[in-house]
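Reading through the structure tokens given below for one structure.
To keep things simple, chains are lettered A, B, C and D as they appear, and every chain counts its residues starting from 1.
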């Protein structure tokens, strides 16, 4: 059969990214407590297409995925990116995996256990010329209580569920559990799937004692992350589902410390969470 | 050209609904203050297909829509449904329109004005045998403050944005503004796009003074609606984006007063909001 | 601490459903080949609240979930529903779980293997008075090719990805894999994550040889299901992402054979997929 | 009342963006045929927060929006951005509006008219130091037919609905209608809400005559845009809802011609469509 994709293209245009998205795939992720956690990922894979080729061979992305059979860890993503570059004859490859990740949580007073889920993203980039890059993303729900509402009201204060998204590139390995802790300690209170009455009292009062604007939350995360070693770059965003408004409030801080050519290209390619 | 759809079908199966969905269309809606409000609707249209036909002529749905040119009101939906039955040679037709509807709101203290948007659904059903039916749907954001959290905590109480969805069939015309008021007065407090500081103090304290479980909210709406005349049927649901949990809380009440054959068939066809 | 929820309510209104939704939870599902498949579910749990109580104890839903620890199969759902009724002192309980389910597929010619994912729903209902009911839901992507476009065009025919959703209640155990096969054989062609060129030729030609309107697809599924024994009720819907239109086409058939009181109540409570 | 937001902050951290999102608002957009088109927008507004302030005054975003009362055009966005900077005492402001925009289309043969809707984004950025920038975004559905499937199959070829997203910054005014035409002519065929049978034949055959990979589509758009004068920068992406796969295919080309400091900062802030 004719290989249309292999044909010469005469438009002389590099296609920066060509690939597949929306692939749902079962994967195994490294877990602090249990070694491996089985979950389900939404996967994007792409390569750069050189000007001389008419098309890329999309089925090869799936073949590569099938070879690793879901054993996808931070450690083997560079190998997958290399194989993508080889099999698809490209100088650059990119991969993004988004999945729910579960952490066993104890409620603060009664110590009732429950499964807390966050959204996680593993994103990798590989370039023949610029080298490799890895970005970790996570999205954590917390509660925030408005400092202004508390100050001006005789009783009560509006509070709401907020989602904090952190994208981070680091020289050293970061446990998801550590980053979740940094985010939770920067908010009015951590939240939980299961709270008995004494726990609910504790969380309510803790949030009231720790009011936090969107601005406070991203500044708190920034302070805590700035004291860690080996961070190349991060972006933190918080989105508050305002309980007294129909719209949301948000705040963003981005910090660059040591951004390689690969990382600077990679940052432009990651998608929203 | 051959009319494939008109061909005889020998499987002897009535198709209960066949039609088009996801049509985005500019429409005019009757407005209490300004006469007409221009907005954008997501439209579904379908008919029953008799066993003898292979297919329906889907382009005719769009032709009918183009004829009315977006002048779609509660009043002309029966005409549209009739035309659907005639042009598509069917004993039953169904239509559903979902759109944002804007209400000018004044904040409670400073009287600052702003545009408050709710989701509205107009749904119509027409049957040769059973007659016509109309269901109005609306989804309104409010704030709710937890009675349990308030009772057991020394200060503060968790609260959150909640969405109250009401589907209702009535003999008499109902203003959207009236139904919004019923829903807001059943919650801890109405919410607003624009609140100055004295307004924020007012809303915070009002919510604290009016704690409401999901159960309370739907019971309050039920009580208020039960005192109205001409209501045939309603279903009210509230969904609370719990500020101390990763999941939501919800409650539902359905009440039937005078349900015709057409309405009872219609209820099964409406989609979620 | 005061138990606000246990307080007497004087509005005399039964709340038909009160519960929690949007719980993300890791579960194990029975798998034809491997025994158990680990996946991630979105869970809804609710009970009826009697008029005499002010509220339900929402944290108990999570406690029950934690006790079974994700070992949720069609077989133990009745036990979970019973426990919900007991622990929440309610005559009726309801549960709905939606999750991706993976099936290993072979491509039609090259026999390349890949992981095909479908959406699955397990829904259970339990009533002291009416008994128990179970509804299985699944959503399967297929390809459909338009018979009219094929007939009137000299070459080519528009085709598109379509999603077929089936809700079914049966006396006998049904393998998900069997139902997927029925749906795929009712469409123009099954689709696959991984297709090599000979496979792509096969699928393209097969779809061209098997044109199918939305109406045809639901009728084909209806015929195939009607020949199975023990089916109490089903509803099949197909949604076509029309490649030549901005909107979608859809068709629905519902069939009732032996609908118990419990099932008839349960059908009204299941949510869309 | 105390102005908490105005308090001194001692963390010495600039918050890059702080603002509101998810504001639904009725707006008027300039229309080639009718002068003004009324539609509904989803709005995001933010400013940079200097390190010395604890918080920004979020209600002022809504006040500014209420002053312009929905008369938001490409022309007055710089004025709105200026007012945001002044009223919120910030060196940088950002705004993003997303809305459906309707174009009257004639079907290719029968000349039947219908309303075709696309997604549009207006995004503006203003910096005291770097100046102003405007980015236009649009998302247009088209049909694409696979060149490989056509070549290797004896009859038929898989095709699907695809969404082409274009972000563009230009020195000269660009009509949305012109950009839609460029995108449609780069695909296998334009698509339409209303097609009679002769139109359906035309579109089916035209798509078969113009097969286009994702790679072809973005290269075609790139060629056409490169011949326009005054383009500073663009990014074009196509997403194909593959009819023979469960996942999507995509391709992206980005081109920079004359990127100012303001534009380069602005590009990093725009959100996905």
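One rule holds for everything that comes next: a residue touches a chain if its C-beta (ideal position, glycine included) is under 8 Å from a C-beta of that chain, and two chains touch if they have at least 3 such contacts.
Remember, it's a predicted structure, so these values are computed and weren't measured experimentally.
**Student:** Report the chain whose mean Cα position is at the greatest distance from that of chain A.
**Tutor:** B
**Student:** Roughly how far is chain B from chain C, going centre to centre by Cα mean, in whole Å?
**Tutor:** The computed centroid separation for chain B versus chain C comes out at 25 Å.
**Student:** What whole-number Å value describes the gap between the mean CA coordinates of chain A and chain C?
**Tutor:** Here chain A and chain C have centroids separated by 29 Å.
**Student:** How many angstrom lie between the centres of chain C and chain D, each centre taken as the mean Cα position?
**Tutor:** Inter-chain centre distance comes to 35 Å.
**Student:** Mind pulling the chain B residues that touch 2 or more other chains?
**Tutor:** 1, 23-24, 117, 148, 152, 193, 195, 197, 201, 245-247
**Student:** Have a look at which chains touch which and call the overall pattern line, ring, star, complete or other.
**Tutor:** Shape of the chain contacts: complete, all pairs touching.
**Student:** Given the complex with chain C, which residues does chain D contribute to the contact?
**Tutor:** Contacts found on chain D: 116-117, 141, 143, 145, 148-149, 152-161, 189, 191-193, 195, 197, 200-201, 203-205, 207-208, 241-247.
**Student:** Spell out the residues on chain B that touch chain C in their complex, using ranges where they run on.
**Tutor:** My answer: residues 1-2, 4-5, 9, 11, 13-24, 46, 49, 54-56, 58, 147-148, 151-152, 213-216, 218-219, 222-223, 239, 245-254, 268, 271-272.
**Student:** Going by the contact rule set out above, which residues of chain B touch chain D in the complex?
**Tutor:** Those in contact with chain D are residues 1, 3, 23-26, 38-40, 59, 62-63, 66, 100, 102, 112-115, 117, 193-198, 201.
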